[in-house]
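Letters A, B and C mark the chains as written, and numbering starts fresh at 1 in each.
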Amino acid sequence: MKKLLLQLDTDPVPSVFDQVVAYDSGVDHIISYGGVTPDKVENLVHGLMFTRGGKQLANSAIFLGGSHVSASQQLAEAVKKCFFGSVRVSVMLDPNGANTTAAALARKIVGNYDIRAKKAVILAGTGPVGQRCALYLLKEGASEVVLTSRHISRSMAVAKEMQSRYQARITPAESRSTEDTRALLENAHVAITCGPPAVSLLPQSVWSAALTLEIMADVNAVPPLGVEEMKVTDDGVERFGKRFYGAIAIGNFKMKIHRSSITSLFKSNDCLLDEITIYDIACKIDE
Amino acid sequence: MKKLLLQLDTDPVPSVFDQVVAYDSGVDHIISYGGVTPDKVENLVHGLMFTRGGKQLANSAIFLGGSHVSASQQLAEAVKKCFFGSVRVSVMLDPNGANTTAAALARKIVGNYDIRAKKAVILAGTGPVGQRCALYLLKEGASEVVLTSRHISRSMAVAKEMQSRYQARITPAESRSTEDTRALLENAHVAITCGPPAVSLLPQSVWSAALTLEIMADVNAVPPLGVEEMKVTDDGVERFGKRFYGAIAIGNFKMKIHRSSITSLFKSNDCLLDEITIYDIACKIDE
Amino acid sequence: MKKLLLQLDTDPVPSVFDQVVAYDSGVDHIISYGGVTPDKVENLVHGLMFTRGGKQLANSAIFLGGSHVSASQQLAEAVKKCFFGSVRVSVMLDPNGANTTAAALARKIVGNYDIRAKKAVILAGTGPVGQRCALYLLKEGASEVVLTSRHISRSMAVAKEMQSRYQARITPAESRSTEDTRALLENAHVAITCGPPAVSLLPQSVWSAALTLEIMADVNAVPPLGVEEMKVTDDGVERFGKRFYGAIAIGNFKMKIHRSSITSLFKSNDCLLDEITIYDIACKIDE
């Protein structure tokens, strides 16, 4: 029986990226829709639920994507409401690749480093990747995770939301200047930059002065990179006594996690891969 | 050569259900379009007609679907106008699953029951499934088929249309109350409920008082069901001296008919599966 | 690894024709988008570029189609801008089938005929097929290629554009009457009709009086054909001392070129098939 993946994308044009990865993960056919809103979900999901029965439902699954994380999360809620009893299919939620990217980022750091009782600072970290990475580092035992924004109001709002959504306690902070960043990195062991492409966030003058700092990771692949002296292919390279993880090393591992997650969807008909469970999958993969 | 199915759906979002069934029927690839109107058909159908030649055209076929039966029938007319001589492909018309569902419903009843010279009443039967079921029961020799609506004008209009379209003579009737239904079931042998989901149409007090009644069937899968005491999985179960056919038993057989119809499309390049010929296919399948 | 073709079509509804040909050329899956404009290209192309690495990129390719040749050419420019270094995929540009049709038309003529130092007249030749055919005949050594339009301003504009785009020197001409055509065919060896369907352009009275004329070809498959006494299936048939090539013979060869081009896309990740290189592929195929 063919493995069918229903791609529901909140963007008007459904992602090519997600389709290629799905094919490369063993999916036989993708049924793809763009511009999906929660009100359109029921009929589409019923089409998957009511065409195959019992254990055969493990061959049908749903991928929820799109550029806007919250829009895709709303789709996920609408999808879950369609299910009843054992009449359900597996679902993966990875809007904008945020879950798989954050899992790859966190695993690159903790895979070879004991983060327990350590402090991490995620610069420009209030977006989906930064938030999820914070969650994973706390889960792995970090003593403190600071999430910075250019506006303290933004990082405080995120801290509140993470507390209520995940019972995760992050430290909100504001960073508008090199001086701010320098102060935030005091006593920090890990620094992560989650800023937009081509924005430098962490100059060498700052990180070289941060004496406790051991690890830096950056998800920006477009020069100038987020961390000065970082190379996109850095995969744990030691330089000036600190370890570097660049965007391509993280991205390659993200692809592994993404593919492994898709494969997992078809092992049962009741798997839900979201920001929590995708990390569990990542933990089982060698980076 | 790959078996290609061109799905033309009149709904803005093409049906997932129809795509999954097509893949499960051996189709290799589906080329899917939603929001199709008759004026858009020519270019799409020519793309299928002019890419493969001679006997190879048996590997290309068209499925016409959508929620609105008449809109899909208009597509069918537009598609047929594109063909000439032997340059044509097979076509299946099953808007809203009406043809396959009605065929399954009728076959469940007549498969194990001699309906010749018997009277059937189809409650809330003026929709596509009810109309087609009436047609099939008359074809199988029923002496009378009554189609009810809440408005006699509606059932009379349908009776007139069925006369002109199929030369089928049904008895129009109005049923607005339990009393109406009780009167209509007098001397009836078969009662079928084709109402909307979660609407009870036939209380036990009525059917248990209908002494000639032998068989009841219901296409509503959402409680309360159309017939009181019906179970969705009833597949000819006898209860209180009468035989019951529920929505899931009918639905499972509908799936078989749907799949078998899709498979038939690829046996030649000139097969036309519509409300008449899909029933012929259903007759060859064991329910 | 599956061969994936990204179909970007400038028409609102992406071409069925192009999809069927792609499947028949060994493509495993098509990711299809209609209504594509240059501003939407980047995200789609990046989805193809960043999901597979190194030599694996040869399994991903792009097909650019649509009814309007210039719109598709603009897509091609936008696509090329997305690539950098070796991070690229193969691309085929064949809007409205113009490149493959023109290549088939030219090859039918020059495959069995030495066109060097000969004169060709392409009637109603200012459209994409006529222009490209002119280019190919000049490339093969024709001494003169005349392109006619009903308006000399149109053919002069095309002559100017072909000079600047391809450094190709064609002779612009106006043909509004049988008399015009008769005069234009003086000393011509080849006459080609590229008019719209069902428009007769070359009456027998004219071509039979053209004493030097040896070959006629016509791309119009709908009667009345472009050349009087032509048959759509003529494939080099001699009649009245002249050789005839009809639309179906040319169309069948066009299909071979189209399929062979698609197959070529997957031999490397840096192939660009456009109006120039598709002709090179056509030269390697037996008509």
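Just so it is clear, a contact is a pair of C-beta atoms (placed from the backbone, for glycine too) under 8 Å apart; a residue touches a chain by one contact, two chains touch by 3 or more.
Chain labels with UniProt names: A, B, C = Methylenetetrahydrofolate dehydrogenase.
Note that the coordinates shown come from a computational prediction; the quantities given were computed from them, not determined experimentally.
A.B. asks: Given which chains touch which, is the overall layout a line, a ring, a star, complete, or other?
C.D. replies: complete
A.B. asks: What rotation angle superposes the Cα atoms of subunit A onto subunit C, in degrees to the nearest 5?
C.D. replies: So the angle, rounded to a multiple of 5, is 120 degrees.
A.B. asks: Please state whether the interface between subunit B and subunit C is built from the same residues or different ones, using more than half shared residue numbers as the mark of same.
C.D. replies: different
A.B. asks: Could you state the distance in Å from the CA-based centre of subunit B to that of subunit C?
C.D. replies: Roughly 47 Å separates the two chain centres.
A.B. asks: Would you give the residues of subunit C that are in contact with at least 2 other chains, written as numbers and ranges?
C.D. replies: Answer for subunit C, listing residues that touch two or more other chains: 29.
A.B. asks: Note which residues of subunit C are touching subunit B in the complex, please.
C.D. replies: Residues 13, 15-21, 23-24, 29-30, 32, 251, 255 of subunit C touch subunit B in their complex.
A.B. asks: Using the touch rule from the top, collect the residues of subunit A that touch subunit B in their complex.
C.D. replies: Against subunit B, subunit A makes touches at 1-2, 4, 6, 28-29, 31, 33, 40, 43-48, 50-52, 60.
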